[in-house]
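Please see the structure below; I have some questions.
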Amino acid sequence: MRLWLKRLYRLYFQSDPFKAGLCLLAALTGVSILLGLAWLLGKALWDLGISAWGVDFLRLVLGALWVLLVLFGNALLLVWVERKVAGHMQWRIGPKEVGPFGLLQSIADAVKLMGKELVSPRYVDKPLYLLAPFLIFMPCVVVLLVIPFDPHLQIRDINVGIVLILAFSSLTSIAVFMAGWGSVNKYSLLGGMRSISQQIAYEIPMVLSIVPVVMLSGSLSLKGIVEAQKVPYLLLQPVAFFIYLISAVAEVNRTPFDLPEAESELVAGYHIEYSGMRFAMFFLAEYTNLFIVSALLTTFFLAGYKGPWLPGWAWFFIKTYLVVFVIMWFRWTFPRVRFDQLLNFSWKFLIPLAMLNLVVTGGVLKL
Amino acid sequence: MVAEGLLRDLDAIGCVVEEVPYERKGYWFDVKAQKEKLPELAGAFDQHGYFVEEVVCVDWREELELLYHFNHWDDPRRFSVRTRVKATDPEVPSIWNIYPGAGWHEREIHEFFGVKFKGHPNLSYLFLHPDIDFYPLRKDFVPVTEEDKRVLLGRFPEGDEESFWLNMGPQHPSTHGVLRLLLKMKGEFIEDMEPVLGYMHRMQEKMAEERSYSQYYPNTARMDYVAPLAFSLCYVLALERCCGIEVPERAQFIRLIAMELNRIASHLLWLGTYLLDLGAATPYFFAFDDREQILDILEGLTGSRLTYCYYRIGGVYEDLNEGFLEAVDRFIQRMKRRLKDYDELVTGNAIFLGRTKGIGVIPKEVARRYGVTGPNLRASGVAFDIRVCEPYDGYRFLKPKVALREEGDSFARYLVRLDEIRASLSLLEEAISKVPEGPYRVEKLPKRPPVGDVFFATEGARGEVGVYIVSDGSDKPYRLKWRSPSFSNFVSFTEIGKGMLIADAVATLGSLDLVVPEMDR
Amino acid sequence: MEEGGLLVEAVGPRVKLGVLEEFLNLARANSLWPMTFGLACCAIEMMATVAARFDLARFGAEVMRPSPRQCDFMIVSGTITKKIAPVVRTLYEQMASPKWVVAYGNCAISGGPFVFEGQYNVIEGVDKVIPVDVYVPGCPPRPEALLEALLKLQEKLTGVRRFPGPERRW
Amino acid sequence: MSLVLRDFSFVLIFILLSFLLCFLVFVVPWVIAPRSKGVKAQDIYECGVDPFGSAWVRYFAPFYLYALIFVAFDVDVLYLFPVALGYWREGGSDRFLVLLIFLAFLVFPLAYAWRKGVFWWRP
């Protein structure tokens, strides 16, 4: 163990990109071999003809593993990508010294946060304060359940997938508000208030921009929507696409809509009193939500996993991370909007526009 | 001219007005008045459109002398109004209801000298820590009386049912240092505010009295550390004016070049941090990268990156180094290209416009009453620039173009600063082509300045930097008072900031370009 | 632990394993998040260190957290006056441990150029208020000095220096 | 057991899973993280100074107005899904009328709120 640590030291400090690359490659190979074995096992069991319950159980176990992989893998990757993207947009390099190309940076962050004290201030409302990180994390896990990563890689194709996603993702705003209110801090209170108004304001245009998609595809299941897309709906519904994109950025609280945590106004907003892993949960949820809204955008408008030559999941991830990159690009380019501008932009512009779009779509389809 | 009309009025009030040599004193008229006549006098100045530059108190042991410096935008001939009060029971009528800006200076004087201003609504602690139980700038040890302590501890903020008090600062990302604002919030709106300064009060004025003129000099750079050369220049020029030293032309040009470079660096830093306040991170990195180019040039010239100690009484420390002028020229060409980038990235951005246009408007009248100067004033449509109104040093040979906007909002302040960068660039271009040959400093300097007082004002990156020095003929200043532009600019925010959204307050506060240690001194 | 007459308590973890601690320290060293807290002149150099030319991000330390709960070390970048001292102390106490302090600049070390006979407002050194881990002299120190301070802090944590020091230069 | 129940048993299990995971993640720092004590360590953070009064205050009205119109809206918007589901393939052009009626229900509260000045912020 000590020896292994010594090796890790050397890897960190006398960073040898080649060796580290080899290590990474080995790790990736290991993971893919494991996944392949699991798939083989599943296939064998399927061939043996196990009962539907057995299949479901297997699905559940593998699904849980997959969700964990996506959750943590994505967060670790996105933290690194964001810092790198930000760095390169700002004429600097970004994380570089920790591991090859700074790849181990997010792992170092995660481990560090693990070993950080959990401060719970004296006057907080304990139940709300403690429950908020749980609640913010929960929707992320559940929503991943219905996302079709590949024709064969969807944990459960629930036939009301969209409704499920909408229901659970609005839980985020409740969690944020709980955090803001429970912290008994004025800044976090302002953050929580902002968050809840913002999320409800942008949920409506979001829903209204999905309705045309449902109209076109005639399905509420995400897989059904992807299957129904002969051409990406981006071409048929460009307005809905942009409304969804804007609302998505607002839903995940990112610049230019990062008002609940607006650093220069509210210091850190709703998570101001959270430290260590509790704060990390908000962080994790932010990046997972970023992934989820991008994945949904891909599913609804960019034909999900469909694409030539490459396998489905590859297309899915390429498209999703492209959207993620665009959202990051927004973040490092735009200033923050003001709060009343943000709300009024939704109520006075996006919602009427979405309605108009809906009417036009309905009219074109029927008349 | 305005001054003549005023002089007639002053005669009518019954004050003794004496015309003094501007070249030696830094002001034109010396007005002696009884303290009872102060409000009437201030009213006369107000009628003629004067603004208060600063209020100074000098302790003459038996008596305290209060000095009000008035100046006019269109007729920049400075009036110095003096009144004397007994040191044992110093009480003067306050002029805060005529000049609210002066009211803030009065608060400062009350804390440091114990002068009571009759009729002032709030004389509580602004700069000092409550533990300091004497008046620090008095020559003798004078403890704070019980009664005065009560006044100083003053008001304790109380919220009502609808509103709450929120501390913004001292540790807050957008107060740029350790400024503290107590905001009375009603939801997202600011109902009232109570600033608390003095977290960076570093006793600059007390220190000046303890150290000799040259020992104190390096600390001038540590006040406004973003554009330190303005303060250094002001100090140096004030002493030169006092001693009547004529500086070689080459030194004047070198000073001008360094000063303008520093001004650009300061505006760039402001640009970066302002956009950061508005939530855009990237311009910060761009602006800092350009600023580094300037720092490289200035480092070659002065030897340090930030707190320069380059100007000397009677010239500069070192002659221009090799390749300096070429480097400046390269920088000018580069910066011209970069300004286009900023225009593309920031100026046309719809969100940026939405955040700044029409936000934090400083009307001319408010600017006058609070003594706002610098780019903030020029954004309100007043072409008042010390470099042009009272040309000093190299600015006697080269006139900068005054950037001017009428709107007075945050966006106008942004545009004025960008225009000032442009103006400075063209000024630099002209200057580097005209640097004359010759000595870069005076060889023989007088040992100590003569008895008397002197005022000098320069145009810093934030506004009018002024220094008032009273010399008693020794090697230490008897009294030294800084006029800090940030302080006057900031106090105007206490008026325009009321009723704002907190986000607008951040946008306005950022656009005022405050440097806290300069306010606190 | 008694520090400069002021009580600062640090309690170790409930379970402490040597290897685990080393591993954690390794991670901590590589993800030191500073607090957004500028005091005076040195804060400008601190900002310059984060900016493009010096790029603190290379060591994973560019995540400036304004809330003390979420950051790992505090850069005291300026003079400590009587008025700001309790604030600095409160912020330090409110940081989640493990936490470190870098005294950046002469003012934070000893009061710097603002100490003179009869001074009434400057506290001569931040270590009279909170414990300090790394001192960086200079008025103001250059950005490179802050990078060096970061490396020193890492060295303090891991016992290994990232770059060869002057004695090991090849 | 019906398909719906089986679907949602997945959801339930995932919820439990997420809670478990969160819990685990919070236990680890409790065990291995050092702790600090101080006079003000447990106090509410407000820029490093003592806060005035509690943060639980009566908050100002515009936020609640937004919340109210949202309630009016959200329920209605969700009913759009059934309308949209079979919109294209089934039924005649009278479906368009249904859609319009639904949207009218949405437009009225918005127009009313707009007219009443809910979207106009003032102190």
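In this document, chain identifiers A, B, C and D correspond to the written order of the chains, with residue numbering beginning at 1 in each.
Assume a residue touches a chain if its C-beta (ideal position, glycine included) is under 8 Å from a C-beta of that chain, and two chains touch if they have at least 3 such contacts.
In this text the structure is predicted, and so the values were computed from the model without any measurement.
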>> Return the chains shared as contacts by chain C and chain D, ordered by label.
In response: A, B
> What shortest step count links chain A and chain C in the network of chain contacts?
Replying inline: 1
>> Closest chain to the overall C-alpha centroid, by per-chain C-alpha centroid: which is it?
In response: C
>> Counting only C-beta pairs in contact, which chains form the busiest pair?
In response: A-D
>> So, comparing C-alpha centroids, which chain is the farthest one from chain C?
In response: D
>> Measuring centre to centre with CA averages, how many angstrom lie between chain A and chain D?
In response: 17
> How many angstrom lie between the CA centroids of chain A and chain B, rounded to a whole number?
Replying inline: 49
>> Centroid from C-alpha atoms only, then distance chain B to chain C, rounded to Å. What do you get?
In response: 32
> Which positions in chain A touch two or more other chains at once?
Replying inline: 90-92, 114-119, 186-187, 193, 263, 267, 272-273, 276, 340
> Mind pulling the chain C residues that touch 2 or more other chains?
Replying inline: 13, 24, 36, 51-52, 66-69, 87, 91, 94, 96-98
>> Going by the contact rule already set, what residues in chain D reach two or more other chains?
In response: 30, 32-36, 41, 43, 45-49, 51, 55, 57, 59, 63, 121
>> Please classify the inter-chain touch graph. Allowed labels: line, ring, star, complete, other.
In response: complete
> Across the complex, what residues on chain D touch chain B?
Replying inline: 46-49, 51-53, 55, 57-63, 121, 123
>> For the complex, give me every residue of chain B touching chain D.
In response: 157, 159, 161-172, 180, 182, 186-189, 191, 499, 501
>> Using the touch definition from the top, list the residues of chain B that touch chain A in their complex.
In response: 164, 166, 172-174, 185, 187-188, 275-282, 284-286, 289, 345, 349, 351-352, 354-355, 501-504, 506-507
> Okay, in this complex, where on chain C does chain B touch?
Replying inline: 35-41, 43-45, 47-48, 51-53, 66, 68, 78-79, 81-84, 87, 91, 113-114, 116-122, 139-140, 142
> Can you name the residues of chain D that touch chain A in the complex?
Replying inline: 6-8, 10-11, 13-15, 17-19, 21-23, 25-26, 28-30, 32-36, 41-47, 51, 54-57, 59, 63, 66-67, 69-70, 73-74, 77-78, 80-81, 84-89, 92-93, 95-96, 99-100, 103, 106-107, 110, 113-114, 119, 121
